[in-house]
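This is the structure, below, for whatever I ask next.
Read from first to last, the chains carry the letters A, B, C, D, E and F; within each, the first residue is number 1.
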Amino acid sequence: MRLPRMLTPRVTVRAHCDLPCGVYDPAQARIEAESVKAICEKYQASEDPEYRTRALIIKEERSELVKHHLWVLWTDYFKPPHFEKYPHLHQLFNEATKLAGASGAKGSTDVDVAEQLLGKIDEISKIFWETKQG
Amino acid sequence: MRLPRMLTPRVTVRAHCDLPCGVYDPAQARIEAESVKAICEKYQASEDPEYRTRALIIKEERSELVKHHLWVLWTDYFKPPHFEKYPHLHQLFNEATKLAGASGAKGSTDVDVAEQLLGKIDEISKIFWETKQG
Amino acid sequence: MRLPRMLTPRVTVRAHCDLPCGVYDPAQARIEAESVKAICEKYQASEDPEYRTRALIIKEERSELVKHHLWVLWTDYFKPPHFEKYPHLHQLFNEATKLAGASGAKGSTDVDVAEQLLGKIDEISKIFWETKQG
Amino acid sequence: MRLPRMLTPRVTVRAHCDLPCGVYDPAQARIEAESVKAICEKYQASEDPEYRTRALIIKEERSELVKHHLWVLWTDYFKPPHFEKYPHLHQLFNEATKLAGASGAKGSTDVDVAEQLLGKIDEISKIFWETKQG
Amino acid sequence: MRLPRMLTPRVTVRAHCDLPCGVYDPAQARIEAESVKAICEKYQASEDPEYRTRALIIKEERSELVKHHLWVLWTDYFKPPHFEKYPHLHQLFNEATKLAGASGAKGSTDVDVAEQLLGKIDEISKIFWETKQG
Amino acid sequence: MRLPRMLTPRVTVRAHCDLPCGVYDPAQARIEAESVKAICEKYQASEDPEYRTRALIIKEERSELVKHHLWVLWTDYFKPPHFEKYPHLHQLFNEATKLAGASGAKGSTDVDVAEQLLGKIDEISKIFWETKQG
């Protein structure tokens, strides 16, 4: 099940934002990270070298998209008062983006690594939605 | 409010998919289309020519992303049985992507046009989640 | 041999189009699909693992370009009267883009698959040029 | 009219090439340059500031694609014997890509400039097809 | 004048790095930021609306590249011991990337804003080269 | 060691340029080529097939960036008087970009090939900085 669109906090989203766009959603990073996890699962389940090479190519792209969406949240959405209220937020984003990079999901086909990345994104997502309530 | 992640139908999502990635979500198109709508609102509310030019530049990109995410759903997610069950689905996607293009959101700063685009994406999203239940 | 440029129907092309650009040509998709086919042939003829990996990387990009060029034709060039006159056109584009994707040229190094993709693009091309005559 | 696909010199094309792809065609640059010309014509014919801004955004992208396709031909297709046989070929490509840049089609909305660019691409195209005959 | 290549600390650079690439240089961000500054200067010096629109289009791209290159340094080059030694480094990167975004160089044509951005990049660059000496 | 920023010839750079941006630096191509070389070294030192595949993916991208940065210098920075003064400059750029392509760094994991590419970029860089002195 999924909340109908009219109940999602879209008005609130835009109310906090002064950019030309002003619409942020950690779902963008999460969807790409779920792709990364699914790719790892399928990579592990396959022995076809062509398929595995394609999986690595696509995982590289999806992981890069995870990093990009997280960077955008960190730079464009979160403001100084947020970083004051959540003093570990910088480190959380740094760890999350590292987990999407060479020392994480890019450099590994381990499903656990992708799970850790999803866990970090959940932590960020929780803070994100708290700041929307404020 | 937003459903906590553990309640979202992620397992189901992947269970229907045989691609390297296998994770689809119409939210990707919707988020970009909400950006397009917010940009139109801010464009209309501003008289600063630099700001308005930037709004047009960014709206062009966001509209292109709407098209891309919809095209991916149409080609990669939906299969022949879906098109049999929903005979207007081809036309719906064609209209939605046209509404994201030059004859729609790219070529207009009218908030109503962006609303129409969001409406089409909602129709697609409804069908998408129905096929997930099946 | 190739028709000299002065004989190609460029004026007609633009006359049917009301977009900022207005120049469409299925040759864009065809050229990328010919690349895909050539890559498959060279992949099959080589046993060098580095070369084969590079072939897969480049085939992934070229196939994506095929999809993109076909999507642009389907959404931006073809109009409702075309879809009325050619009722199978939606399905033809859907099959062609699927043939450029994971279930086709992206997911295979079989030259036959690339040939099928070229065949679909020829069908689209034939309809495209018929609509230019109209 | 357009030559049916079976008559185009595709076999010859690939026979001259030892790259993973091996399919080159100056049509790629020409199609984008025709877009640039069409954009200039429509820009001159319009007084709508939003439309004109969009035209400039899209012209910038299309001109960049012209440059890219020409650069690929110059570096990847043409070989030392070609440059020996056509001693002005370096300069021709340099002038053509400059004409697609800031001192040409990017920096101008003059239809004549786009025509000059198309003229240079025709010169390149003529040499390209001569080298295919050889 | 510029130091000859043989004197630049390339060996040291790679020695600190365990990624597939391992070559980082804040010059990448600085060069794009100098472009942004030059664009602002030329924008201010021109009254041609076409030129000014093009300047805004290109400034948007160059600013995005500044952000990207800084994000890469923050996530991929700097490691936990660096953040311990330079406790303001997170905030410095966050401010620098914000200065390249909508509230900075993207949203402004003020040469001073571009100068501030270059100043932040210089601060980052100084720390970067200090960590190379360590 | 690295020259402090205030000593680098930035003013001179911009003084020679009439484009919207006007900032060029062969360091952009050199940094990417150093990445290519580092990737080759690490590729040769590893026997992990996943790591080697990732190295090939990233080398493909970095080599493409080398080509792009060189093409920009050749088309956008260098002007007819430069080509008169340095008659081999066209050929030098053509060889350098070929060395970044399929017959060079893209098609090889040989560190020597990457070194040759860096050597060509050094030759270009030397000429570039001479023209800045002029």
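As a convention for this text, a residue touches a chain if its C-beta (ideal position, glycine included) is under 8 Å from a C-beta of that chain, and two chains touch if they have at least 3 such contacts.
Quick caveat, the model's predicted, so the values are computed rather than measured.
Listing every chain that touches subunit A and subunit C alike gives B, F.
Counting only chains that touch, the fewest steps needed to get from subunit A to subunit D is 2. Chains compared, subunit B against subunit D: the Cα-based superposition rotates one onto the other by 120 degrees, nearest 5. Relative to subunit B, the chain whose mean Cα position lies farthest away is F.
In the contact between subunit B and subunit C, the residue numbers used by both copies make up over half of all numbers at that interface.
Counted by residue number, the contact pairs of A-F are over half the same as those of A-C, the matching pair from B-C, A-C or A-E. Looking at A-E and C-F, the interface holding more C-beta pairs in contact is that of A-E.
Centre-to-centre separation between subunit D and subunit F, using Cα means, comes to 24 Å.
Remark: subunit B and subunit F have CA centroids separated by 40 Å (rounded to whole angstrom). Centre-to-centre spacing of subunit C and subunit D amounts to 19 Å, using the average Cα coordinate of each chain.
Centre-to-centre spacing of subunit D and subunit E amounts to 34 Å, using the average Cα coordinate of each chain.
Subunit D has residues 20, 51, 53-54, 57-58 in contact with two or more other chains.
Touching chain pairs in this entry, ordered by label, are A-B, A-C, A-E, A-F, B-C, B-D, B-E, C-D, C-F, D-E, D-F, E-F.
Subunit A makes touch with subunit F in their complex at residues 53, 56-57, 60, 106-107, 109. Partner subunit E is touched in their complex by these residues of subunit A: 18-20, 67, 71, 74-76, 83, 90-91, 94, 97-98, 101-103.
Interface residues of subunit E facing subunit D in the complex, by the touch rule stated above, are 50-51, 53-54, 57-58. Residue ranges of subunit C in contact with subunit D, taken from their complex: 1-3, 5, 7-10, 13-14, 17, 20-23, 25, 27-28, 30-31, 34-35, 38-39, 42, 51, 54-55, 58, 62, 122, 125, 129.
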